[in-house]
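Okay, so subunit A shows up in both of these, paired with subunit B first and subunit C after.
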Partner chain A sequence: MVQEILTVGFLTAFLSAAVRLAMPLMYGGLGEMIAERAGILNIGMEGVMLSGAFFSFAGAWYFHSIPMGLLCGILGGMVVSLLHGLLSIRLAKDQSVSGLALNMLMLGVTSFLYKLMSAGQSYQQVETLPSLAIPGLSAIPVIGEAFFNRDILTYLLYVLIIAAFFFYRSTNWGLNFIAVGEHPRAAESAGIPVNRYRWIAMVLNGALGGIGGAYLVLVQLGVFTENMISGRGYIALAAVILGRYTSFGVFGAALLFGAANALQIRLQTIGVEISPYLLAMLPYVITLAAMLGAIGKNSQPEGLSKPYIKGMR
Partner chain B sequence: MTAMTHRKQTLLDVVTICLLTVVISALLILACGASPVEAASLFVKGIFGTKASFAEIFVKACPLILTGLGCAVAFRTGFFNIGAEGQFYVGSIAAAMVALGLPQVPGVVRIILCFVAAFVCGGIWALIAAVFKTRFNISEIIVTIMLNYIVINFLGYAVRSFLMDPAGNVPQSAKIDTAAQLPNLITSTRFHAGIVLAFVLAAAVWFLMEKTTVGYELKAVGLNQRAAACNGVPVVRSIISSAFLSGGLAAIAGGIEVLAIQKKLMEGISGDCGYTAVLIALVAFNRPLGVVLVAILYAAMEVGASSMQRQLGVPSAIVSIIIGVVVVLILGKELLRWYGKKNGKEGA
Partner chain C sequence: MALLEMNQICKAFSGVYANDHVDLTVEKGEIHALLGENGAGKTTLMNILFGIYSADSGQILWKGQPVRFASPKDAIAAGIGMVQQHFSLVRKMTVLDNIILNLRDNRFVLDRKQARQRVRALAEKYGLTVDPDAQVDSLSVGEQQRVEILKALYRDVELLILDEPTGVLTPQETAQFFEVLRALQKEGYGIIIITHRMSEIMAISDRVTILRDGKKVAQLVTAQTQPDELSRYMIGRELKETYDVDTPPGTEPLLSLEGVSLPRKKKGHPLHDITLELRRGEILGVAGVEGNGQKELAEIITGIQRPSAGRVMLDGADIQRETVRQRYERGVVYISDDRLNDSLVTDMDLTENLMLRDYCRPPFSHRGLLDRKAMLQAAKEKIQRYQVRSSGTSGEATPVRLLSGGNQQKLIVAREISDRAQVVVASQPTRGLDIGATHFVRDRLVEQRNAGKGVLLISADLEEIMALSDRIAVLFGGRIVGVLNRQEATVEQIGLLMGGVTGKEEVG
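Coming up: the complex of A and B.
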């Protein structure tokens, strides 16, 4: 069994599948990380991604264009996040309640609209984004194929991950975003408009979550199906915790979730007798263990999921 | 604001939310090219048309009542249990294992054992999150979601291995023998004994929360943990017992689904009712009797909407939209009161 796994062919296919499966989680996770670092917990990420998936499909279908599909997906995700912002920032309501309600709402809305749009008949696929090999890098054995022979959205994610790292580490704006999430009252007295920052975080949350959902449609499947996110939004929440609220951490955690998923598929194809369902449990167990391991050096933003009302003590 | 105007305001909110919900539903039906009047009459016919369809409301409400009660108990203690879905699965697995594993035990005893096993296992499953919260201060929201996925995958494993029907090659358990099934109570409907159990448990939870010291303590912890602790309420113990009860109730729903409806264990057995339950508890303001009422209303909407879908092609997803809209409106009720603010009367 070990010999079969340690072949270049197996590893290449495995890693390639892992990256592909991880990509929606990476976008969703990055969006969620930005929101959570600003102090807003968006359990509605599932709904954001579902909205992104549906509207990207609808956009790509009606305009016959992938960029338009992507744009619609981004806008669709944003609308859900902004609704969450309205409830949790403007009205200072319980963020978990709002997020769950939005998940349910979007499940209904997207299924409803899809049924209206399709009127019973099934749709053909929309065109999907092609892979573009990066010359040189894509020739590296195993890693090259998995990371550098991909679609443009994957490359965009690499840029965003690196940009987010430097943004939080070495820009004033980044520090402001952290301050808003850690201690909003202190941030406000230092002249940082807390809620304005939180609104910006929600816009980014929606855009990135929207792309995460759109990725499934525009790159992987080319079709929309009801409830197609099927829990990926919740897994993105886990990736943020496992990744300790850093962009590289989220990248790694999402890759781990993708790898666990890919491994079960690959192992089945070479006929290894281990239940894929037990393997699928692993990432969640690891996340729980990681949360226990994170005790003491708590990486969770101090002000997470606490509404901030200006001037209230 | 005085008490009187406050009550008037609440009433006004309820009326506004109901009206808006009706308007939105009518618009959605119009969007499908159907007539709202015809849809409404089909909706009503779907509910009251036959004895079986009316009984179906209670069949559908049963798991929602139990999981909703579970959520309500936990929420009132300030334990945000999103894990009703997973606890439902745990209960269904436990009940199936006992029902299939002890064939020599006579029916009634076995059924009781099934529910005890389901309750205890579901309780322990929720307890994990409670321990994480009370001991390590880790958000129960994320933990319960993780636990959901663990047990959903475990069920997938179970029905393909140790619980798989040896006579078949479909991923589901063997059929539970009639002795251990929950009996049907009304012929030519699916009205089963589990529904009675759900109502009995709802009454018990109401009694516990409203009439006993334990219930008082749970509510005190939910309202203000620090104040409760200062007044000698055992905070940790309250959260732990509330989580246990909450998980146990959701698990009983899973047990009923196995013993009364499916009569076997299979994937996707919950129909996502654990997530719906969270919203039902919220709409009911976490009151036990409110949960029963809202669950029945929700189930009635589902039954009515499925008849609308069959006859008019109006997607039954409309029900998810409605419950989502209702919760959003309840949360955002201040938005409906903008007119009040202009008069400068609004407090907070």
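Coming up: the complex of A and C.
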């Protein structure tokens, strides 16, 4: 069995699957990271992604166009994030409660709308995004296939990860976003409109989470099913913590979760004599183990999940 | 033409005047002190100037032009900087990033190299030494204050407002800080310094404006006044500055710590091998800059934290393993430096807060049921005896968050100090209180001492330590670096110890 695992073919397929499975987590994680660095905890990422998945499917179905599907997915995600913004920024409500409520709500809303949409038809499928191999890079053994023979959304993510890293490290706005999340009062006294920044962060949170959900539909499956995010939104939250609130960290953490999932699937298909139910737990066990390993290394923004009310001490 | 002129400023909060037709003028190159008790309206006035509040009426002339700032951003743009009492620095960013945060002429991509040079130049010019690339949470409070000042100077302000700037500094740091202020003054900066320390006003200011109950009661030239005159204006009556601690202190040991240590944790400060004895009938002052283990020392004595090594003995009995409640029953009471987080449940009313220690035993509790009537009666009596004033008409049923800081502190003192008390651990007991409340609290502590009990007075305020203590221990870096009798102690000596300069090092 070990020989089977250690072939180039196996590794290539494994890594390729890891990247594919990690992609929704990377988008969701990046969106969540942007929100949390600005001080807003959006536990509703699951709902954001679910909304993104459903509306991208509906958009692609009605307009017969993948770009329109993507746009609808982004808007669908944004609406949920903005609702969270309304509750947690404008009304200064408890962010955890608001996020959980949104997850429940979106599960109901998307299931209901999907029932309405699919009435009479049992099976609907939309076209998916093709892969575009990057000449040269995609020829690298093992890695090339996994990272550079992919769809355009994956390449967009690479750009976003690098851009986010540069943004927080070297730009004036990036510094402002950090200040807003770490110490909103200090930010305000430096003339930064705290809540406006938080709204912007929520827009990005919704857009990226929406793409994360849409990715499942428009790239991987071509269909929508009830509760299809099935916990990926929560794993994205874990990826942010494990990735220490940096874009490369989120990328790495999401890849780790993707790899755990890919490994689990592969082991099942090889026929390893472990109960498939135990194997299915692997990604979540790794998540927990990773969180335990990160204990004591607190990089959480100090202003996280605290509403900012101007003039209050 | 004055640099700043504030005329007839009025500001009311829910019908009560915080500022009632206040005037203030500051010239270029002037250090102007703003003096007043807590709640006299100093901070409100400065917040109006800085654009945090807007005045109900009145006029602000900045360099002769009428202005009205809608936000701190406008005030900074006009050339007014403010260093708040609680610093507004982002702890996880570097000094440099804090200074250049959201500057108007920042380009999209930051030019840190050029900014670093300018910060270095400014720091050198005014003696504000600090490493631009250090992370703020690695800096001492004094250094953080320098960063705040640099932040204002970097923004080309012409007037600097400093709210209680010396409260957190050692005497040496204060002296250094005054040098900085004088250098700034020489360059023509206007400076407003909010303080209630007479000695500092006399030492540094050119003029002083005194507020009382939201009104301006006087503006004086410092060189032509005396501390007792200032104090008279500030409180409207004269106060005795001495306490009846003249009876000889006791000698019988009451509480002793033997080799108490606490390891460094994520939050908090370590303690190293602390050996200390508190005697009956004495006030033992613990001096030191905050964050040198004071909180940990208090919590180890009261039982909130357990030391990793050493013993805590009360009256010859080892109380090491006893809980907070067991220690309270033996008479260890605690006035914490953090009223709102450690001592009060702010949404509960006066009665309930007074009962937090005793609710669980007769006469307030019988077989697990509370006796509200007995509680109310006891509370009424304490409220009267300790003159706790609640602002509302609901009296004992007022939630304590609606009380002023002074009345909250009186309430805590009323609860903790009872016949049961043997050891009173009082940490920063007068911080943030006005002079009236300060005297009240100090009088109670002295009463306890004279009644033969032991008081451990932990304070960063040297004047307070010197005025009340029989002996003074100095805490630095988690160690007791010296214990002095009050008669032989001088402020300079203690100040040096507080800064970690022990006799040995001086020689070496």
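The rule is simple: the second predicted complex is superposed on the first by the 287 of 313 C-alpha atoms of A that agree within 3 Å, B and C clash if a C-alpha of one lies under 4 Å from a C-alpha of the other, contacts with A are read in each partner's own complex, and residues count from 1 in each chain.
We adopt the following convention: a residue touches a chain if its C-beta (ideal position, glycine included) is under 8 Å from a C-beta of that chain, and two chains touch if they have at least 3 such contacts.
Source: prediction; values computed, not measured.
Participant: Let me test your reading of the model: by the given contact rule, A:Val285 touches which partner, first (subunit B), second (subunit C), both or neither?
Facilitator: first
Participant: If you stack the two complexes on chain A, which partner ends up touching A:Glu302: first (subunit B), second (subunit C), both, or neither?
Facilitator: second
Participant: State whether A:Met104 touches subunit B only (first), subunit C only (second), both chains, or neither.
Facilitator: first
Participant: Given the touch rule stated above, what does A:Arg185 touch, subunit B (first), subunit C (second), both, or neither?
Facilitator: A:Arg185: touches subunit C, not subunit B.
Participant: In this superposed model, does subunit C or subunit B come into contact with more residues of subunit A?
Facilitator: B
Participant: Which of the two partners, first being subunit B and second being subunit C, lies in contact with A:Trp173: first, second, both, or neither?
Facilitator: Once the two structures are laid over each other on A, A:Trp173 reaches subunit C alone.
Participant: Return first, second, both or neither, reflecting whether A:Ala133 touches subunit B, subunit C, both chains, or no partner chain.
Facilitator: neither
Participant: Within the complex, which stretch of subunit C touches subunit A?
Facilitator: These residues of subunit C touch subunit A: 52-53, 71-73, 76, 82, 84, 87-93, 97-98, 100-103, 106-110, 266.
Participant: Quick check on the complex: what are the subunit A residues that touch subunit B?
Facilitator: For this pair, the touching residues of subunit A are 41, 43, 83, 86-87, 91, 93-94, 96-98, 100-109, 111-112, 115-116, 120, 226, 231, 234-235, 237-238, 241, 275, 277-278, 280-281, 284-285, 287-288, 291-292, 295, 300, 305.
Participant: Under the touch definition given earlier, write down the residues of subunit B that touch subunit A in their complex.
Facilitator: Those residues of subunit B that touch subunit A are 28, 31-32, 80, 82, 132, 136-139, 141-143, 145-147, 149-150, 153-154, 156-157, 160-161, 275-276, 278-279, 282, 313, 315, 317-325, 327-328, 331-332, 334-335.
Participant: State the interface residues of subunit A toward subunit C in the complex, per the touch definition above.
Facilitator: These residues of subunit A touch subunit C: 170-173, 175-176, 178-179, 182-183, 185-192, 296, 298, 301-302, 311.
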